[in-house]
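The next block holds one structure in the form of structure tokens; read it before the comments.
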Amino acid sequence: MKEYNENHAKSGVSIKLPAIEVFPNQYPGYTIRIEIPEYTAVCPKTGLPDFGTIILEYEPIKSVLELKSLKSYILAYRNVGIFYENAVNRMMRDFVTAAKPKWCKVTGQFATRGGMHSTIIAQHGKAPK
Amino acid sequence: MKEYNENHAKSGVSIKLPAIEVFPNQYPGYTIRIEIPEYTAVCPKTGLPDFGTIILEYEPIKSVLELKSLKSYILAYRNVGIFYENAVNRMMRDFVTAAKPKWCKVTGQFATRGGMHSTIIAQHGKAPK
Amino acid sequence: MKEYNENHAKSGVSIKLPAIEVFPNQYPGYTIRIEIPEYTAVCPKTGLPDFGTIILEYEPIKSVLELKSLKSYILAYRNVGIFYENAVNRMMRDFVTAAKPKWCKVTGQFATRGGMHSTIIAQHGKAPK
Amino acid sequence: MKEYNENHAKSGVSIKLPAIEVFPNQYPGYTIRIEIPEYTAVCPKTGLPDFGTIILEYEPIKSVLELKSLKSYILAYRNVGIFYENAVNRMMRDFVTAAKPKWCKVTGQFATRGGMHSTIIAQHGKAPK
Amino acid sequence: MKEYNENHAKSGVSIKLPAIEVFPNQYPGYTIRIEIPEYTAVCPKTGLPDFGTIILEYEPIKSVLELKSLKSYILAYRNVGIFYENAVNRMMRDFVTAAKPKWCKVTGQFATRGGMHSTIIAQHGKAPK
Amino acid sequence: MKEYNENHAKSGVSIKLPAIEVFPNQYPGYTIRIEIPEYTAVCPKTGLPDFGTIILEYEPIKSVLELKSLKSYILAYRNVGIFYENAVNRMMRDFVTAAKPKWCKVTGQFATRGGMHSTIIAQHGKAPK
Amino acid sequence: MKEYNENHAKSGVSIKLPAIEVFPNQYPGYTIRIEIPEYTAVCPKTGLPDFGTIILEYEPIKSVLELKSLKSYILAYRNVGIFYENAVNRMMRDFVTAAKPKWCKVTGQFATRGGMHSTIIAQHGKAPK
Amino acid sequence: MKEYNENHAKSGVSIKLPAIEVFPNQYPGYTIRIEIPEYTAVCPKTGLPDFGTIILEYEPIKSVLELKSLKSYILAYRNVGIFYENAVNRMMRDFVTAAKPKWCKVTGQFATRGGMHSTIIAQHGKAPK
Amino acid sequence: MKEYNENHAKSGVSIKLPAIEVFPNQYPGYTIRIEIPEYTAVCPKTGLPDFGTIILEYEPIKSVLELKSLKSYILAYRNVGIFYENAVNRMMRDFVTAAKPKWCKVTGQFATRGGMHSTIIAQHGKAPK
Amino acid sequence: MKEYNENHAKSGVSIKLPAIEVFPNQYPGYTIRIEIPEYTAVCPKTGLPDFGTIILEYEPIKSVLELKSLKSYILAYRNVGIFYENAVNRMMRDFVTAAKPKWCKVTGQFATRGGMHSTIIAQHGKAPK
């Protein structure tokens, strides 16, 4: 856990991003999946933009992520310098903090760079198969 | 469970919808899957229409959902103001009440709004993988 | 089980259909899958034709379903009045009676009616995942 | 096992086919999958050619199937009279005899005949899901 | 393990390839998937080029593979004579040595040769299903 | 033209089929395209059913084909013995007689028989490219 | 032209729909294509909803259709009773009235009804091929 | 024209193939398209089998190619040694001789060999675009 | 032409964008097509980002557009407020100014907004069909 | 034409490549299309490999390109430094020199670089539409 803190600065955790609002959930035990094909941020190394699709899946307990504020949150990455891996993990942390879901899975599928196509999958709790 | 009742009004449970008829099942132990790509309702926030595909899967015990009344039931959402999440969960409740199936799964795949594409999956009992 | 008998007449079990021939199986422990996209029957309610694809999967023990007689069997539904659910379950019963397989799964995917697309899946014994 | 022998003649086991060569495996614990879309043989009943795709999957232990001799082996079916089911099972037997793999799975997907599309899947040992 | 050493020469293990760099991982418990559709090497038997797509999946613990050096590593195969099976297993070994991941899976999908299409899948540790 | 008459009997022109109704067209100069994937008839040679998709395209002048009667017309082929070529040409003749369109094109795409997939295209007047 | 007037009432021309706004075009000689997959109206015969995709293509001269008012215009069909053919032709008329384009093409692709899938294509002026 | 004759022997024209039967055409001015995905022959150079799809399109005048004899004709190539280019041109010649159509187009799409995928298109008379 | 000047300010022509470099063309009479799926700009009305794919096609005479500077040019739109129609026409103008091609065609396919999907096609000179 | 010569050195015309063999054509007036998905060369600027698919279409007069030597010719680009545009135009020149066809079209579709996907199309003589 120590190593985690040491790398804080580089992990993207300290980047300022808008809060994601929630509203009270009405029904127990179901799954929400949101596909957001319009993610873009800036590669901190090259200064060039990255593009990707973010897929968020979770099971709400008391709170559901409000879609408009979720959109604002994703838009806020537009001019931020952050690596693929950190963006997906940072999102995961922020979604979990906001909605406190039973489980949560965030998948980032990023546009080809240098002939290589990356997908990052972070999971909190245990998603059903 | 208390929170559930408190939010009743907003959960869409109190919206009037036509009953779904059933007919006696003839064979034990099989699965029915119905894909309905023509769901539409009104977003209670924006007043704009939502569009989506509803996929209903269940294992009948004594009763099978009658397709014509199922269609009328889905059509009844056309001018109703209801959120995605609530529509799928309300349908689940109404299908289970009508058919009392061994298990039931309702998936709603909704058209892109604000560059985001939502899927809601509600399940009653345990569907086979 | 009583209800089952009472509905016999309506279940499609009493409809006359040609026998399906088998030939002796030569090898143990394998799976056969047959996709038949040219199923058609008549809806008993509307008198209009239904169309669909039947997918038969099974593991033979001593007998293999002979394809030519299987074709004749499926063709015999052409001018028969029978519901989706009953057709798939009736086929299942007849396939099992003819081939006595280790397990058998019959899937019927039917053409859209009234904007709704039905799939019926019946299973006998336990198919491997 | 007795029944197996009695049907020997008809099972295709006695058909002469070229041996499949192997070479020593260099790495433990991996999977090989070979898709061969150019299988053709003759239907023993109608004398007409069958066409299909053979998919071979296995985990090598000491030996790997040599691809050139595998190709010659498949080509040798071209003017042979053999049923779908028997061809797939015969291949399975011959692959297992040659490579002695941990597990082996052979899938034959055959071109539509009489509006019916057959797939035969034979397995030796236990393939991972 | 002995057999492994004996075949060392032919296994491709002794081929000189550039080191793959890593950087410290910032987040625990997630998956990285990299698809590289531009693999090419030379068949040691025919001298003709092979083409393929390499898919690398792994769960980082302390280290993440640096993409630029990963690209250089893959490019280094361009004029090397190595068989499909060995290339995939050699990559696996080098990825594991560099990143020491919790688990790692390397899939190579190679272009059709002689009407046959090969896929090689090597795995280290236990990937989630 | 003589040969045409001599073959009348075999051409399918004398088969009794229901009339297709029309209603008055309201707008000049546009195109109607109707795709009917549920055509079936009987092969006069083998007695086996044919299946196909009929695509009707035309530019109405004074009359538009009424869809319900068009459906009844297509359904009427179900137990009729008629060859592919004749069915498409007969339809063309009947559509033109009923709607007197500026131009009309009928395409029949028929299910594979004996490993061969036929398409028949008949045209009356000059369709725009 | 007389017949046209006589059928006015039934042609859908008299239905009240919101005006479509335009803004001044900035560049000469280019094409605009707008695909609107969320059209729905009510069938005047059955009272059941129709669904479809409207594709509008045109070359602006002085005016460009404003997208927000275009959306409101399409939404206004939601509870209107109008046939396919008339809806497409009415739209054409309204688009041409609003934007006075060099040419204009409106295509309506409607969801399957009774196993038949209709496309209506209306054109004003001459679209480039 | 002289060169043509000199190469007769190598052009495949002298290979013995079964005659294709025709039957009298019933309707003027339409198009027939037949797709035959099960062509196979032997490469005269390597002795290895070629595979391909043959697409025949023509406008009949007095005669229509009889499908069963067309199938026998295509099957006859199975053990014949002939190059791609010659097979397609030979077919063209034989189809034209048999049916004397207004125009005729033969397309052969052949399976990948040595990483190259060939299509041969021969045409007699002028096919409509 | 006057109207054009009057709207200059709003047309996007005055927005500052980097120059596109060219290099001397080596061969006469060929076509270059460049697909750029990573266009993004800001909607001047809503302040929200637009996303799209730009397809540039042209026939070079003396100059070829240099790809790296083309990329920089497209990237420069990222934080610019400009409408779809103007962006495509502005690009056209800038490409033509830089390369002076025989003809040039610019297509912009933009992500769905409000359930509507826009494509803008601008052309300079006459592209071959 | 002068400019053409001046740029000779940079145009790739002086690169040494193996000759392409031909054999005498047997039939007049047909089209040959060859798709070669395994092109690779080196970018002269970055030193990194390019990948692409080359599509060659032509109408032979007296000579047909021999496939094996065509393959060797394409393989020869593997370690050559040449730009996209020049490679396609150089191929065109070499194909035309070797086969002297009625017309010839060469299309190169190259893998994405920097988020941009290029296609180069060169044509000699007039290909039919």
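Per-chain residue numbering starts at 1, and chain names A, B, C, D, E, F, G, H, I and J are given in the order in which the chains are listed.
By our rule, a residue touches a chain if its C-beta (ideal position, glycine included) is under 8 Å from a C-beta of that chain, and two chains touch if they have at least 3 such contacts.
Predicted model, so just to flag it, every value in this text is computed and none were measured.
The chains in contact with chain I as well as with chain J are A. Number of steps on the shortest path from chain H to chain I, with steps defined by chain touch: 2.
For the pairs A-J and F-H, the larger set of C-beta contacts lies at F-H.
Residue numbering at the chain B/chain C interface overlaps only partly, since under half of the positions present are found in both copies.
The pair from H-J, A-J or A-I that reproduces the interface of I-J, where over half of the contact pairs by residue number are the same, turns out to be H-J. Chain G has its Cα centroid 46 Å from the Cα centroid of chain C. Rounded to whole angstrom units, the spacing between the C-alpha centres of chain C and chain I is 58. Chain B and chain D have Cα centroids separated by 47 Å. Under the contact definition stated at the top, the residues of chain I that touch 2 or more other chains are 37-38, 51, 111, 115, 129. Checking each pair of chains for touch leaves A-B, A-E, A-I, A-J, B-C, B-G, B-I, C-D, C-F, C-G, D-E, D-F, D-H, E-H, E-J, F-G, F-H, G-I, H-J, I-J.
Residues of chain C that touch chain B in their complex: 3-4, 7, 10-12, 85-86, 88-89, 92, 113-123, 129. The residues of chain F lying in touch with chain G in their complex are 24-38, 62, 64, 67-68, 70-71, 129. Against chain H, the residues of chain D that register as touching in their complex are 37-38, 40, 48-49, 51, 75, 78-79, 111. Residues of chain I touching chain B in their complex: 51, 111-112, 115.
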